[in-house]
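Quick heads-up: structures coming right below.
Both complexes shown next keep subunit A, but they swap its partner, so subunit B is in the first and subunit C is in the second.
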Partner chain A sequence: MTIHTEPLKSVSDIERTTLMTFLPGRIAAVFGGRRWRSLAPLAVLVVLCLLIAIANPNFIELRNLVRLANSAAVPLTLAMGLTFIILMGSIDLSVEGTLSVSAMVVVLLAANDSNGNDYGWWAVLAAIVAGTAMGFVSGLVQTMLRIPSFMATLGMWFIGLGLSVYMLGGSAIRLNDASIRDLALTRFLGLPLAVWVATGAFLLAAVIQYHTKLGRHILAIGGDEDVAKLSGVNVVRVRVTAFALAGFFFGIAGVLAAAQLGQSHAVIGDGRLFAAVTAVVVGGTALTGGEGGVVNTLIGVLIVTVLANGMILLGISPYIQQTVQGLMIIAAVALSLDRVRLRIVK
Partner chain B sequence: MKDRTSLTLSGAVSRRTLMMGATAGMAALAMPKVLRAQEKPTLVTSIRSLSNPYHAVWKTGAEAYAKWAGLEHVTLVSEGNSEKGIADIKAMLAKTGGNMVLNSDPNDTPDARPIVEACAKAGAYVVTQWNKPADLHPKDFNPNYVSHIEFDGIASGKTIAEILFKTIGGKGGIVALGGLISTTAAIERKKGLDAALAANPDIKLLDFQVANWKSTEAFDLMGNLLTRFGDDIKGIWAANDDMGSGALEALRAENLAGKVPIVGVDGIKTAVDAVRTGEFACTVTSDPFWQGGMGLAIGYNAKIGKFDPVKEPPEHREFYGKAVLISHDNVEEYYKTNVDAKPEIDWNDLWGRVTGAIRT
Partner chain C sequence: MNEALSLRRIFEGKWTQGAIPLVLLVALLLIIEIAAPGFLTGETVALLFANTAVLFILATGVTFAILLGGIDLSIQAVASLASVILAQLLPSLGLAAFPVAILSGLAFGTLSGIVHVKLRVPSFVATLATGGVVTGIALWVSDGRAITIEEGGRENTAWINATVAGLPVVVLISAVIGIASFLALRYTRFGRQAIAVGAGEPAAWAAGINVDRTKIIAFAASGMLAAIAGVVLAARLSSGSPVLANQLLLPAIAAVIVGGTAITGGLGGVARTAVGALIISIVRIGMTFVGVNIFLENMVFGAVLIAAVAITIDRSKIAVIK
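Right, the complex of A and B next:
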């Protein structure tokens, strides 16, 4: 939110007046300039909250806000990692695979109902290391073998999933370590520890993006990789580091997911990839890279979570919930990005 | 055949012995089918994957029967790939010359037809479970297509609903978590719930939501449902145990585990454990151990002529099996005989779990 990088693409006057861009231009004029637009996701979130609260006052109950925070914990941690990748203009599809590896490692090394291990918090550390390692390999595959991130991480997704299926023998294994389960069950200042961990992940991500060289380089690569390279950015190193960083966040999310569900099975990550990408994009980070950031993602995650919560509170039929979700995604993205400036839409 | 293997292993082989061995091998291959049919048939299990607990137990049941009957047993895994599933079965038919008994859980509904046709052509005996097209009938492939077995989703959904209603004292509000909207099992189990609700007017269905069979989705949904209905929720009906266990963890995070009973279907270990601790009121299972063993037993007994499929009544050819209910009353015994030890099943009781012909 605090950083605006002007897109380097220029648009000629002739293009602006063509019929195709006339309508979006009008809409943009009505709603005002970039300033308003960068606040659009926040406005969507506020309006959404107001509407749901009017329809069902239970929504603003403290208990419900705690539940909202709790169900946002895992998606937020995941989306923090994914934001950096999308900011670079790449994509990381290995979310579900990495998450399931991390959840598998923590469950198999901590006290469980399948083997005799009981390494306590070392298991958590090992799980996060495993997640980071998966991301690191994704980065290496992409930069060294020069395979697009889409394919490289798709491969890592299946490798991770296969690894978990093999190690877990296809069944669900229970996590019996009480201190790790406390992440989900113990509360500090009224919020489950998982929420504090997710908040910590957000702060860490914010510091990395806004106050480190790595954060600025990631943004620069997303803006224009050639320009970044010419300016002396070590693109390979930044890319590998960013993927490892994403894996680190996925690893934490895996531990949280295992703690919340009290078990791990190979498909623990199912549906998480789509939810995370949705949150990042709805928050206003462009899939083309170079625009947006972790604060946008925080708002995106909250929009998605509030929407899911709200649809249940409003009693919307499960048969049309997905449709509503789809409409919300299109609306949020249409509002938050300056479509007129895009010369090419693909 | 054995001679050939030993020859190749022995290293020093004269041309003469090689020729003799080769001739013997050729003769073995050329032996007519009739002669080979006198050998014991091979038992073949064809399932989707070994990465889910359900099919893993299925395989142990099949192996237990093969051991009991003293027969050779092979497991084919399709990994969710219909073409691979069918091709593997055809390869086994070629290898055994049709002298085999197949117990198959076809990967997808249309797969059953090519599988049955290939078996009938090769003279093998086949039993299918769960999936077959509605217009494919065992009686059209006499005697090779022996039986088709399914489990009645309506009955399962109804049974667990009734137990849930009884547990909460016959009145109050419940919420229901359904499976993937388009699947047969999800539709049938919900029908069973609806039937039970119609018979119990004091029970109110507060909301029916879909968690797509997954514990993770059920976990988030349950939190939201608690906000909407709070203490009005007296019980939770889940269309499978995995969603039930996700709901259970959501309750646990709010200190409600054990206070709001849950029911589910499948009999996975987490659910059985939860029945023991009183957090689940019950679960039902189709008993994959029985499915894995008995499917082979029915096919094998038809093959060796213990019974003639043609003369069996329709409810032995296409039937619903009896689901096993695991509730507070029998969970300790179930645990002792099914989790701590391998279950004991009377493999001679072929039709003991028939509950009726499949609805058309």
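Right, the complex of A and C next:
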């Protein structure tokens, strides 16, 4: 096998060169190796769009594209926040809890059918602050109590969910504030305002990742935390800030979700965590941290949304849509992960 | 000065670290007994064990994956599929439906392992994806509905709900599984190798361990135990459904971690998972017993979870806490 032709490869590379791992690698190598492999998610997206468009031309109708953008708005905003956490090599499972808290706050403080509050856009601000606070607490719990983010944010998930269900009294409460509902109903240049908000979130995340010290430090921690610490990065502060930043994005997503649904209820966040993780990973950000970024995540969100939309257009039974989605995740990740640089796959 | 030092040494000793979850378990029991006297009776304890059985079997399976440094997010899907298969096949196959359902778990567990190892997809994503695949199959097989196990089928599941010598059969089943897994991890080559891989994969590889095979076996075991949990759950509820076990994934993982198994792998075991599963179960049942507002239960549970992990986790073996 290739072991003899590449005697200088490190041990861990040779260790993994079995036939099965060999094939995806070879396919990528045919297209030009590492440089091109980072484009694999984009290629998957393009191929997916082409296949769906050929099978059902309705896919590229303007109406469907608007629908597509609209259904990508909340997942994109969520995934922006999650990307920073995964870039650090951590995970944030509190996505659904934080989103439901933010949706609960905006619905209860703005005009609604349960109490007399009518604070208008102050409610939106309060919801985003609540999301940020949840993230901030997650970060503090993780760094100060020194427990893995997996467990810290799992706890925060339950706390957030419990809090919002308690405040909502276990029922669904309608959002009656017209100006907040306009986020989903009013269009600007043909697209709902929620899509523009999500685009803004993406631009903000891109600026943070590529043009601020925080973004660099997050990447450094994900690459190697010990090295980052020795280089003078205040790891605790960066981690807490990153979790608060993620909470900020989840808070915005909660407002968008409440505006789109016109109400808030106990299960407003259901299924959003795994959808967001899937989008981040399919986009090519490694769960081990230090690789990928918000642009990858944008592509990942589009892949997941286009796939879901396409399966509906193609009339695939809703029961096996999950199966198809699972297979697609495996294929996309197997194609795009740059395994040569991943020493251990856990 | 000297005393403080020796006290500190005791607390840093290996055995205390392992005993902390057990101490927490006893403390929780006492707190609930004080808050609501009458909790610690034979009847409630038997009920507690019976209610913990399914969670414990699931958690035991995922312990294998976590010990390796991986994770299995497909257990709830595999358990639900097994419940659907059991409910579907009981009328036609009778008792033979049990092995079919359990083997389906073994098959999908192995599949997860192969996807993870051979395609080199991280286990978090690989099992998330296979979980989606399995859920899709369960929805398709059951046509998206819950299937009730009718009178005829219930004859064949009655034995699971029976009691032997005062102990519910589910408790005996989970005890057998717990002991078998404990022995497998501690006294077999596979068990030792699994812990070695979790503690340091490159070193384990260099020592000649077949890392890939160890991982696939661990994921196969996780799938099979998940299917057993699904079968037991279906028999207890007399129903199979594609979402039957969906609420059990996170509590199962939480049970493993609260018990003191490191999420980074290489440290922990089934005995710790048993303690962790009991802690989770007691917190859940205790809240009802003490009378916590039902809407607040999740909040209390989350806070207790964070506190429990903060107390029980063994930080000396984790270099970087991510």
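Of note:
The rule is simple: the second predicted complex is superposed on the first by the 314 of 346 C-alpha atoms of A that agree within 3 Å, B and C clash if a C-alpha of one lies under 4 Å from a C-alpha of the other, contacts with A are read in each partner's own complex, and residues count from 1 in each chain.
The definition used in the following text is that contacts are C-beta pairs under 8 Å (C-beta built on N, C-alpha and C of every residue); 3 or more make two chains touch, one makes a residue touch a chain.
Keep in mind that this is a model prediction, so the values were computed, not measured.
In the superposed pair of complexes, A:148 makes contact with subunit C only, with no contact to subunit B.
Using the contact criterion defined above for the overlaid structures, shared-chain residue A:212 touches neither subunit B nor subunit C, since it reaches no partner. Looking at the shared chain after the overlay, A:179 reaches neither subunit B nor subunit C.
In the overlay built on the shared chain, the residue A:319 is in contact with subunit B and with subunit C. Set side by side, subunit B and subunit C differ in how many residues of subunit A they touch, and the one touching more is C. Touch criterion met: A:261 reaches subunit B, while subunit C stays clear of it.
Of the two partner chains placed by the overlay, neither subunit B nor subunit C lies in contact with A:234.
Legend: residue contacts after superposition of the two complexes on their common chain; A:289 is shown touching subunit C, with no touch to subunit B. After overlaying the two complexes on the shared chain, residue contacts for A:115 are found with neither subunit B nor subunit C. The contact surfaces that subunit B and subunit C form on subunit A in the two complexes overlap at residues 165, 169-170, 318-319. Every residue of subunit B that touches subunit A in the complex is listed here, in rising order: 49-53, 55-56, 178, 181, 207-210, 212, 214-217, 219-221, 223-228, 230, 242, 245-246, 249, 252-253, 268-270, 273. Here subunit A touches subunit C in the complex through residues 11-12, 15-16, 18, 20-21, 24, 88-91, 93, 97, 141-142, 145-152, 154-163, 165-166, 169-170, 225-226, 274, 277-278, 281, 286-289, 317-327, 329-330, 333-334, 337, 339, 342-346, going by the rule given at the top. The residues of subunit C lying in touch with subunit A in their complex are 68-70, 115-126, 128-137, 139-140, 143-144, 201-202, 205-206, 211-212, 250, 253-254, 257, 263-265, 293, 295-303, 305-306, 309-310, 313, 315, 318-322. On the side of subunit A, the complex with subunit B involves touching residues 56, 58-59, 61, 63-64, 67, 70-71, 165, 169-172, 174, 184-185, 192, 257, 260-263, 265-268, 270-272, 308-309, 312-313, 315, 318-319.
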